[in-house]
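Quick notes on the structure that follows.
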Amino acid sequence: MTTAAALATGLPFLAAVLGLAFGRRFPAAARALATLPLAASVLLTWAVAVRHDSGGVTEHGTELTPTGALDITLSMRVDGLSAIVAALVATVALLVQVYSAAYMRKDPRYSSYAALISLFSAAMLLVVYTGDLIVLLVGWEVMGVCSYFLIGHYWETEVARAAAVKAFLVTKLGDVPFLIGVLVLGVGAGSFRIGAIVDGVPPGGAGWATAGTLLMLGGVAGKSAQVPLQTWLPDAMTGPTPVSALIHAATMVAAGAYVVARLYPVFLASDATLVVLAVMAALTMVSSALFAFAQDDLKRVLAWSTVSQLAYMTGGLAAGGRDAAVFHLLTHGAFKALLFLAAGVVIHLAGTGRISDMGGLRRREPLVFWTMTAGLGALVGVPPLSGFFSKEAVLGAAEHTAIDGGAGAPPAVTGWLVIVAGVLTAGLTAAYATRLWLRVFFGEARKPAPEPHGPTPVLMLWPLAVLTVPTVLLGVIGLNESWLPAWLGDADGRAYGSADAANGLLLQAPAYYDLAPRLGTSLAAVALLALGAGAVYALWRRDPAADPARVLGRLRGPAERGFDVDRLYDAVVVRPVWLAARATRFVDRVVIDGYVHAAAQGTWLAGGGVRRSQNGNVQVYLAGVLAGFVVLAVTVAVRA
Amino acid sequence: MNPVPPTGGSVLAAAHGPLSLVQDIDWAAIAPPLAVASAALVVLLADLFLSGPRKVWLAWLSLAGLATALGLLLPLRGGGRATFCAPADPATGGPPACSYVVSDLTLVLQLVLIGSAAVVVLLSMPMTAPRPWADESGSDRAVPGGEYHFLLLASVAGAVTLAAARDLVTLVVALETLSLPAFALVGLRRDARGGEAALKYFLLSVAATAVLLFGVSLLYGATGAVHLDRIAAALTTLDPKLDTVAATGAGLVLVGFAFKVAAVPFHFWLPDTYRGAPVPVAAYLSVVSKTAGFAGLLLVAGIGLRPYAHVWGPALAVLAALTMTVGNVVAVRVATGSGDAVRLLAWSSIAQSGYVLVPFGTAAGDGADLADRLPASVAYLAVYAVMNLGAFAVVATVGRDRPTGVVGDYRGLVRVRPWLALAMAFFLLCLAGLPPGLMGLFAKVAVFQSVVAGGTGWLAVVMAVNVVVALYYYLVWTALLFQPPVPGPPPVAGDGEAAGTLGSGGTLRVPAPFAVAIGLAFGLGVVLSVAPQIVLRVLTVPGLLG
Amino acid sequence: MSVVLIVAIVLPLIAGSALIAFPVDDRRARYAGVAVTGAVLGLTVVLAGAFDRDDARTMQFETDRAWASSLGLRFHLGVDGISLPLIVLTALLTFLVAVHSLGKLPDGGSARAYVALVLVLEAGVLGTFAALDLILFFLAFEVVLVPMYFLIARWGTPGERGPAAFKFILYTLLGSALMLLGFLLVQAHTGTFDITELAARGGDGMSRGVQITAFLAIGLGLAVKVPMWPLHTWLPDAHTAAPTGGSVLLAGVLLKMGTYGLVRIAVPALPQGAEEFAPYLGAFGAVGIVYGSLVCLALLRSPDGDLKRIIAYSSVGHMGFALLGIATLTAQGINGALFVNIGHGLITGLLFFLAGAVKERSGTALLGRIGGSLYARAPRLGGLLAFAAVAGLGLPGLAGFWGELLAMYGAYHPADELSRGLFLVLLVAAALGTVLTAAYMLGIVRAVCGGPGLAASGTSETDDVGPMAEGAPLVRVDPLPDVGRVDVVAWAPLVAFTVVLGLWPATLLAVTDPAVRALLGGGA
Amino acid sequence: MHLVYPLVLAVLLFGIGLYGVLARRNAVLVLMSVELMLNAVNVNLVAFDMWLRDTLHAGQALTLFVITIAAAEIGLGLAIVLMIFRNRATSDVSALRDLAEPGAVPRARRRLRTARTRPGSEAA
């Protein structure tokens, strides 16, 4: 099983290396090199998922390297969570590769682009499958650098170059506490292996566990674009759309939530971390939903919506609903990838990315209209679609923690935070989704769309259809306890029988394993949904041309700029660093180097001074000799 | 071979009767200085009979004399031979004190002195012989061969005797025999500069000698003895009243020798004298005269004034630090200012004598552990002789065809005379103490080792800084050797001589004796670099200061 | 096998001096250079092969003969887990520089002299890494100075090469003179110069005061070479002025002699001295990391920001990690320091090769005037520069990461007698330093590689109507000569080793770890 | 008579000689003052010899040597002074400034000098 996982990770890496090395010389082979190895790894991941079914943890590994203290092991740890998420990642990656084969067919740098996508997929699979935190860190940062190169794919334009650097630096800033957290956990548990850390944490929680998990939240915030470090994701939209679909929707950004799920027992044992996570999630949910409502660019709307949906996952994790959060991760991966790919086609059709210039596109490409509608429906949480079930599962878990949280459950405050923010966000999500839906597909085109270069290539449409299936149907797997919860296994990866949840043999209360939507939260969510959608529809009906976001009034400007968090960062972090840099250079050139030159100058002047005493006058020489003799005689006499 | 007291010149039985005036002399011991002195006389006489081109024989004669002296050193290996011994004074009951003792130290110093003198003779051949190497142009105008060689050999005889002297009288006489001919040698060219240099050197040297003698008299008065070992014995049991007198005497004696080795502040004569004197004489002063000065210092401080180590130790430490620093610092200005080659070598030799003084600075207490500190100076002296003579030889060679004598003349020498340039680079890097000049490096490590073991940390740090300052001007010169010629017109020579820089293709002749001298120095340098144990053996010879 | 070690050291020395002494035409001299350095590389590979890995803690291929017994100097050579990787790295980098010299050399002297100096330099460095006698170490340490001086002074950039060369040699000589004083102080109290003996004794025979003074003297001397923060100002000038080959050797190998000296001599032989100065060493190292990256950032924006000067300051930053690793006095810290040595040698060597290539092609190294859009004008060169920059910022999976990780791991869990609070602060500073490093490394890529597309390539309109279409009519640039055949041969090994060491760090750590444990075990 | 008288005499003589060496401009007079210093030494030596009642009479032996040395020095000194006088037509000791470090001689005196030493070319 683990060898299949290792192979699944290795194949795309091999493709990437070959692509980067020989891509330029055999462009034709690039397309095949991009898709075939990834297809093989999809089959492998599905095989691993199926063979694992609801079994326990299987882990094999060899020692990667001695370090002088704790050794680092290269091991594959396959449990329910990693098998399923790996399958999702591989599938979405394959679809994106197929989509971009057509989307980027005229781009001269397609071979390096495809190679980087394969490298990214390999890195993501490594993060998912690995059993050692340090190796996870390696995959973690390789993903970061792939996203840097892919965001900067159009390096001809300044905005792409700036966004790429910003994305990498913000995630790198998040990775600093992440690395220290890994060290804290590793040293605390006596090994870097995830298994050892998960088993090593005492039930009552430990100092090192809390500290380690709190520090790792930095990395989670950075990678999953949560509140303190969320500004890089909307700017990352300057990259090609398939990149946004793969990296900034389904996989990389979900890695943050995945790591928390992977080390869940450690997080469960430290309440402080869960409270902080809950606060972070709540803030992100509401604010980014609001920002999404005020955006004018199609992809930025979807970007902000991704941030808010990710907050759902982290909120679910904070509120004790690990299985619910993973369920939402799966469904979100599917419908958000669908939305982004569809957006790619929409922009292709409309010739521009700005919503205010679009309109009435539903007649131009009916397939896109219906798939996008399904996607938006799932996003909003319209009952039959997958989004509804996963969102309700998260709210259900939060409600259970808030109302009758048991001993092992997270503190109640996390439950309340997640519920309130979740329901509120449901309304806002409905608002911006409906606004998007109406302004793009209904009414008249506000700007004459350019004459398209012929029908949208079938390779771009086919993945949309494929993705619509899980968007619609995936909700079902949450209904029965023996399906998704059983597949995922318990938080520490161990399998469990159907009755174990009931008689309390597992880590958490039975309610957390039941993902079926609860009545109370469902009704509230649907009500808010109807309210939000209705209000926007009414606004739109009054004046189809105008932008429903005008209702925000003065709040519109700051909301569009993400409450000026960027300017805050610029003032607090970037400018002081430049000042410090200039000051340091001044100190280096004048002060430290100054001493060196002063020493040289001193020697020079001393030489000049003494040399002047050699003025050729014998009397002076004699005086010098006898003065020396007097001084010497006196010192000798005194000392004697 | 045979232990003290010598079997040969056995002291007449001191037991019976009054002092017997007839003394038995160990001729083998005093053979080297005798050989050199007789060679001097032979050269003086030969000068009467040889005339015209055959005057070149004078140089060969003096070389032969020096060679025999070297040969005569061989049987004395093993050391420990003494002669001219005063009988044990019945009153004090001390051991017989001898005035002329050939110990290991003496042998090493005599070897260095005679060897260096031979090289100086080689260097002065073109200058002293009318033809075929003589040339009227350039700074080395002809010098009367006969007088030159006589004076040189006389001076060397004085130096060799000084190395073996064990009592103040012999020391003073030997010192004067060394100095007086040197004054004449400096002024032998009878030109304005030579005269001025000779006068300055004479006046300062005489004043210093007067001070030295005054010190000797005070020391004699205080201790009642003239022989160094007796002085040492007397100093340990001196009654306090005479303490200040003895201390002042000691100080004054050290001033005399400090002048001889040109320690700062007694260095003023050196740059002017070297610049005024012909280059071979400058080489002679910088090596033989300085080594003899250090020999005197070693004997007086090491043996005579050993109980007063706590007095002169710190004084010499300060002197050493001053000498190194002043020498290096001014040399830096000379290298980048006027760039005069001989003057630069002069200041460099002042700095080098600073390094030799450093082990003296570590003396403290009653000088018990001096025996394993001072040999570092001896080792450094030997290495210094080789590298300094090499450098002077090259300067003499280049100086003949480039009378301006500026460091700039050496630009691009590697293209005109590759081997000459490589030899010069080797000597300069040896003086700096940097590989590939391993010989210099080992000598400096030996000195560093003695000063660190001696515990005077501050002196070690000062020397470390000085090594760095010194590297600057040695490297400026070495870099010039390998630099491409400066494009554009050669700098206009001051007095219009056709002395363009080397780069402009000025011819550079290397006469045979110069080539031999440089080859000898370079060869010895390489041998000592590869196998330093030959010279460093001195460090671990037991009782070197016996 | 010990003869192989001696031949590996003496062969370049003899070849170098022969080239200096006997005039040979330039072309044959360059090939001779490549041949000799290739032979030395072969010998070191043979040594690595014959090296007994599971006995990496003991000295192998030892030769021990008296040279100047009255000084106490013995010709004592040996190799163990710590010095073997450095020896192979030296041989590799020198071989690549020799291959690089087959291409165009800056004017300033004959290629014969250039190759000769490189060979003598190699002999000096190999001698330093193989020496097991303090004075022999000092001697080899100084053999390197004169050749490096001439490499900078003769083949450097005409404007600033003179003073930069002098600053380099005088500063380093002052350091090594102080180091000699430290060695002699150790010998005065223990009576031996033998490094293995001193390490085995672990400092007994010397009082605490003596150990502290000796460590101060030796530490200062080595710190100048590392370079440690306040003593580093010679490095940027030397690098900016040095020719490409000179910079590669200076950064790739010469800096390692400092950290190697600390690990081999200062820490094991003077444990109480090391314990006393470890916090200062660590603090200066951490300051060096942040300081170096801040100055690089300032250089990015300033008009006289020179690419080679930025890479030089990055070396100050990277070596800061090595110092931090050593200062923790833990096995993983010192392993990290040794890994940084090798990783930095490979990556910065590649960076300087690339900087030299960029300078050759665009005539200047000033960021303002390089003209940018290297991706378009020389795609392969641009790609390599991006790869080297990413490796430089310590991307995991490449050679730069493991050293820094282990150094930080050591800082998180330092030796017991060291104050954990201070080292936690240093850990945070070093970690933030990596962010600053990432900032200026990507700044370089953005300034040099990004930029308007090629004139000839026609409008690369893609279907995606991204920002490209709306951009103003873009300025076009003309192509530059891309990576040549010589360059590929010179750089391919560096890229390959960076990736191999990144993906499989055990190739290095398996060798150094037992030796380091023996060092600390035996030492503490 | 008590030892201190000759000693004081010697020191006085030495002082006078010292002053003569430092103050007088004429070379010959400087030579004379050096002689004074040497004779002071002789007085000292003989005084000590008598005071010590030294059987070896080392003091007096050394006095003889010092006298001969003084004679030799004076002969040589006068020869040198004569040579300078023939070259420069002056025996003023402080006029001899040719060999000074360039730049060390104050501007006023420089014009007096005949051969101007050429300022060296700037080293690299």
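Letters A, B, C and D mark the chains as written, and numbering starts fresh at 1 in each.
In the analysis below, a residue touches a chain if its C-beta (ideal position, glycine included) is under 8 Å from a C-beta of that chain, and two chains touch if they have at least 3 such contacts.
Quick caveat, the model's predicted, so the values are computed rather than measured.
Q: Which neighbours does subunit B have in common with subunit D?
A: A
Q: Can you tell me which chain is nearest the middle of the complex, judged by mean CA position?
A: When every chain is reduced to its C-alpha mean, the one closest to the whole-protein mean is C.
Q: Tell me which of A-B and A-C has more C-beta pairs in contact.
A: Top pair by contacting C-beta pairs is A-C.
Q: Return the distance between the CA-based centres of subunit C and subunit D, expressed in whole Å.
A: Chain centres of subunit C and subunit D, defined by C-alpha means, are spaced 62 Å apart.
Q: At what distance in angstrom does the C-alpha mean of subunit B lie from that of subunit A?
A: The mean C-alpha positions of subunit A and subunit B differ by 79 Å.
Q: Give, as an integer number of Å, the spacing between the C-alpha centres of subunit C and subunit A.
A: 36
Q: Centroid of subunit A to centroid of subunit D, CA atoms only: how many Å?
A: 93
Q: If a residue has to touch 2 or more other chains to count, which residues of subunit D qualify?
A: Only 21, 93, 96, 98-101, 103, 124 qualify.
Q: Specify, in ascending order, the residues of subunit B that touch 2 or more different other chains.
A: 199-200, 203, 207, 211, 271-272, 330, 334, 337, 479, 483
Q: I need the residues of subunit C touching at least two other chains; which ones are they?
A: 170
Q: Output every touching chain pair, sorted by label.
A: Pairs of chains that touch one another: A-B, A-C, A-D, B-C, B-D.
Q: Touching residues of subunit C toward subunit B in the complex: what are they?
A: 17, 20-21, 23, 66-71, 73, 109, 113, 124, 135, 138-139, 142-143, 145-146, 149-150, 153-154, 166, 169-170, 173-174, 177-178, 180-181, 184-185, 187-188, 213
Q: Over in the complex, which subunit B residues touch subunit D? Could you list them?
A: Within the complex, subunit B contacts subunit D at residues 19, 86, 89, 91, 167-169, 172-173, 176, 180, 183-184, 187, 190-193, 195-200, 202-203, 206-207, 209-211, 213-214, 216-218, 220-221, 224-226, 271-272, 275-276, 330, 334-340, 343, 404, 406-408, 476-477, 479-480, 483, 486, 491, 493-495, 501.
Q: Give every residue of subunit D touching subunit B within the complex, in rising order.
A: Listed in rising order, the residues of subunit D that touch subunit B are 10, 14, 17, 21, 27, 30, 34, 37-38, 40-41, 44-45, 47-48, 51-52, 54-56, 58-59, 61-62, 65-66, 69, 72-73, 76-77, 79-81, 83-84, 87-88, 93, 96, 98-103, 115-124.
Q: Under the stated contact criterion, what part of subunit B meets subunit C in this complex?
A: 418, 422, 429, 434-436, 438, 441-442, 445-446, 448-449, 452-453, 457, 460-461, 464-465, 467-468, 471-472, 475, 479, 482-484, 532-533, 536-540
Q: Note which residues of subunit A are touching subunit B in the complex, please.
A: 603-604, 606-608, 610-611, 613-614, 616, 618, 620-622, 624-629, 632-633, 635-637, 639-640
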